[in-house]
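Take a look at these structures.
Shared chain: subunit A. Partners: subunit B in the first complex, subunit C in the second.
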Partner chain A sequence: MGWRLIRIYTILVYLFMFLPIAVVVLLSFNANQFGSFPMTGLSTRWFEVLWNNDAIMRAFRTSITLGLMTAVISTVLGVLASLALVRYKIPGRNLITTLLIAPILVPEVVLAVALLLFLNFLDIGKSFTLLLAGHVIFTLPFVILVVQARLVSIKRDVEEAALSLGASPMQTFFAITLPLLMPAVAAGGLFAFTISFDDITGTLFWKPGGIETVPTQIFSMLRNSISPEINALGTVMIVLTVGLPLIGAAIARSLATRSGA
Partner chain B sequence: MSIEQREARQPWILLTPALTAIGLLLIVPLVFIVVYSFWLKSAAGADTPGFFLDNWQEALTDPFYRDILLNTLKIAAVTTVACALLGYPAAYFIARSRGNKMVLLVLLMLPFWISYIIRTMSWINILGVSGALNSALIWLGLINEPIQMLYNETTVILGLTHFLLPFMVLNIFVSLDGIDTNLEDAASSLGATKWQGFLQVTLPLSLPGLAAGGLLCFVLAAGTYITPVILGGPRDAMFANLVYEAIIRQLNWPLGSALSLLLLVVLGVLVLIYNRYLGMAQLAKGLG
Partner chain C sequence: MSAVSLSNIVKRFGDYTAVHQMSLEIEEGSFVTLLGPSGCGKTTTLRMIAGLLDPTEGEIAIKGKRVNDVPIHKRNLGLVFQNYALFPHKTVAENVAFGLNYRNVPKDEARRKVAAALELVQLPDLGARYPKELSGGQQQRIALARAIVIEPDVLLLDEPLSALDANLREDMRVELKRIQQSIGVTTVFVTHDQTEALAMSDQIIVMSEGRVEQVGAPEEVYNTPATEFVAKFLGASNLLSARCADMAGGDIALELPGFPKIAIPRDRAPRVSGPGPVRLVIRAEKLHLKAEGTPADGLLSVDAVVENVDYQGQSARYFVRVGDHQMQAINMIEDHPFATGAKVSLQFRARDCAALPVESPS
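What follows is the complex of A and B.
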């Protein structure tokens, strides 16, 4: 009896999570002029409008460039730091770990203000550089958490075997550790990209006038009213952020089974 | 240099880039805005450096700021409770289901990957004047004119709950999944009802996860300014909106520094209390 109740409750919670998202996708195919209910038919016209909207396309390019650069920098910094934390005995390890995940503990608005004011003091005003610096800082802890978790599970023995066979530490890292660590590196990078691509809180503080990322572009379009175009953009974002990682995971799995066979 | 010395230096070389980044882009800037909060905004030109208490006096004594700070904490608290009430049974179901736990969990985590702003604005499609709910009510003949359901405190809390629920579910799940189910069986074999067993065994053991999820929800909710702008009315500003207003619109950077530090201190005290009793390890578990 109790279990059935919990099941119904859980289904309702899932509906709460997914219904609004489903409505976005549904309305983006609405033929209705105002993009609202009632639906008058199915159409892809809003996606065409979207494709021809220069501002949105520019925002997409900015977001992707920013996301890729953030992912690369954060992942490199995060992998190096994780290696030090997991593979070496260092004094003050707890303090260093706390420092490295501090950007998660500080509210993003505060981080945004502090970075903006300090870099401005150093004569680095609102710019792409500031945006990149900010995105690296708040994605770094996530990369470190993901990579560290994986690194702990890779046995030292394999690395020591390579070292005892005469490989240099560098060779050992690139031939042994890195390949074993690759899933975590990829996951950390993807995580960093997604967080950067989705960020708006910090971005609104750091972005220079005239540069928009996809979220800030949507935000400024929302000022007027919700247009069907925004729903179409939402659908594209949902497909990109949910579909791509799923496809990636599927490809990784099929490659893994093939190489295993 | 001896091999030992080189060995001892290696981890620091690996840590240098990350620590430099955190130091230069987070720690030093935080110290900098502490200093900046004692400067004065000048009517024109650069702000006046010095040691003035004006900004702090304004931030701490102006009833306008105090009321919004209290309201922000209230909204964060209600959101956290809502997330716990919605998230606990769902997490329990996932942890104890005989089916594919991982699929259920990944499904609930999917919204994590979906853009925050899209998820927030999606409620306009549901609750707006021409949204799904109004259309349905009119179609059913229950109302003649659409009702304005948006742009109030309730919709802000709704949007925040929708955004933060996955954090709560994930943390509770991690906690519940680590509990040995034999303990519940032992309780029932000793004569406890299922409900008693849950209240006296499972619930207490899952409290660390609930607390970690609660802390995340509270801190993230209290620091937001986008949700109130999209789903709230003109009177639903939260504390972070004041920070944005001071920094970006009024360009009053000294006051903005003081306001952001006030928010940091209030939320920091919560994190410290949490850390004192439960430690950061639990939080890392839920995030990793």
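What follows is the complex of A and C.
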């Protein structure tokens, strides 16, 4: 009896969480020109409209570029920071770790305003570079957390063995450490990409005039009307932000199985 | 010219001194063991030879060349770890070939060398496997093959047998010694296990608290311990307070209450300098329990009472009381072990005794 109640309750929670998303996906295939029920037929016309909407395609390209650059920069910085924090005895290591993780703990709005005020103080205007920097600050903690956890599990002995066999520290990093770290690097990069791709709060504060990312584009379109193409855009976003991490996880798992870790 | 030479090596970690003023010459082709309990500085010493730690003071030379400033990857050393440290993402063959990649060895020759190394460790067919598919013993053999394929100047082994289970450890001990002898590589072996040290070494360096206690061949270290620590650490020993009464002539006369006068050869007490208090050392297996009244037959003999018996199948360890002294004896069991409470005659040869100067308690 008790279990049945729990089961029903669980199902309700899941419905509450996923039903709105399902509705968006479903309505994106609605032939009706209003983005609401009842559905009048199945159609992909809103995806075509989306494809032909220059503003949205531009926002899409911006988001992809921003996401990829954020992922690359965050991953490189994250790996370097993790190596320093795990492999070397740095004074104030705990403090540095806390500072690097802090952006997760600080409310995003506060972080966004802070960065903006700071740049105002330095008399530097908004730019794409600033937006990118903001995204890197915001995604770096995730990369560091994932990479650090993995790095701790890679025994120092393995690297020492490589060194003793004649590989320089740099060669050891690329031949041993990095391949063993790869699942975490991939996961960290994916995290960074999806978080950047999704982000709206920080982006609204940091983006220079005339540049829109997909979330900010949707936001501004919503202020005018609820167009069915937003549903289509939402569906594309869901596929990207859910699908990519899943593929990434699958790749990471197969890499990890192969290397026996 | 020594293969490895340490002169006045000191290693400090902050206020803690891990190795005190250590000097050591390791002969080309020899198998040398650093033996001691954990924290005695043996691994620290090995890591300094490897170049994984820098000595605070002193010089390290390999084949006559000072290497203090030579980083580990340019020292041409073979290193084997307790937990194997194979590269999990590389096959066995790739693991073994790893060092050759950095030595400009042509591909064909590299393949031949890898095959020869796998042959030497008796695992010629496992080249395509991944380390996780191998047992612990196999992994350790591969680690050894990987270390020797580069023809290192010195092979450094850091407790390589400690992670293996008991039976396998004995097999690997024999195997390791065979491989070392067949290629004749200078080997420095670190262990806390006296059996391994005694079985494998040409020379044992017993260490305690960052200091060298004794350097010598296994038999020498075992039979003539230079310090109380060595006497206690290797095997089961009895240490008794005695007095050196007389050093005239070739023998040293020792007196201790309840025992007949013991005259031991000079070379059994090289560090005793004159009459006065000394420590008498006798190994547990050199004390023979005989039924009460058995004629001494040229041996020294004292009456004793068995207080406790630790039965071990083929042998037994007896805790016996001789006057005020509690002693232990390990004897093979011929018929039945002596029972607790039995009155026995404890017999031993004078030349199985050794004497040490009394160490000031530190």
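Keep in mind that, in the parts below, the second predicted complex is superposed on the first by the 245 of 261 C-alpha atoms of A that agree within 3 Å, B and C clash if a C-alpha of one lies under 4 Å from a C-alpha of the other, contacts with A are read in each partner's own complex, and residues count from 1 in each chain.
As a working rule, contacts are C-beta pairs under 8 Å (C-beta built on N, C-alpha and C of every residue); 3 or more make two chains touch, one makes a residue touch a chain.
Note that this is a predicted model, so its numbers are computed, not measured.
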Contacts of A:Ala232 with subunit B and subunit C, given as first, second, both or neither: neither
Which of subunit B and subunit C A:Gln171 touches, first, second, both or neither: second
More subunit A residues in contact - subunit B or subunit C: B
Which of subunit B and subunit C A:Gly78 touches, first, second, both or neither: first
Partner chain in contact with A:Pro179 - subunit B first, subunit C second, else both or neither: second
Contacts of A:Asp157 with subunit B and subunit C, given as first, second, both or neither: second
First (subunit B), second (subunit C), both or neither touched by A:Leu131: neither
Overlapping contact positions on subunit A, where the subunit C interface meets the subunit B interface: 169
Residues on subunit B engaged by subunit A in the complex (per definition of touch): 10-12, 14-15, 17-19, 21-22, 25-30, 32-33, 36, 86-87, 89-90, 92-94, 107-108, 110-111, 113-119, 121-126, 128, 130-132, 134-135, 139, 162, 165-166, 194-195, 219, 222-226, 229-230, 240, 243-244, 247-248, 253, 256-257, 260-261, 263-264, 267-268, 271, 280, 284, 287-288
Complex interface listing, subunit A residues touching subunit B: 2, 6-7, 9-10, 13-14, 16-21, 23-24, 27, 34, 36-38, 76-78, 80-81, 83-85, 87-88, 90, 96, 98-111, 113-119, 121, 133-134, 136-137, 140, 142, 144-146, 148-149, 169, 194, 197-198, 200-201, 204-205, 214-215, 218-219, 222, 226, 230-231, 233-234, 237-238, 241-242, 245
Subunit A residues within the subunit C interface of the complex: 155, 157-158, 160-169, 171-172, 175-176, 179-180, 258-261
Contact footprint of subunit A on subunit C as seen in their complex: 50, 52, 71-79, 81, 83, 85-89, 98-99, 101-103, 130-132, 143, 146-147, 150, 156
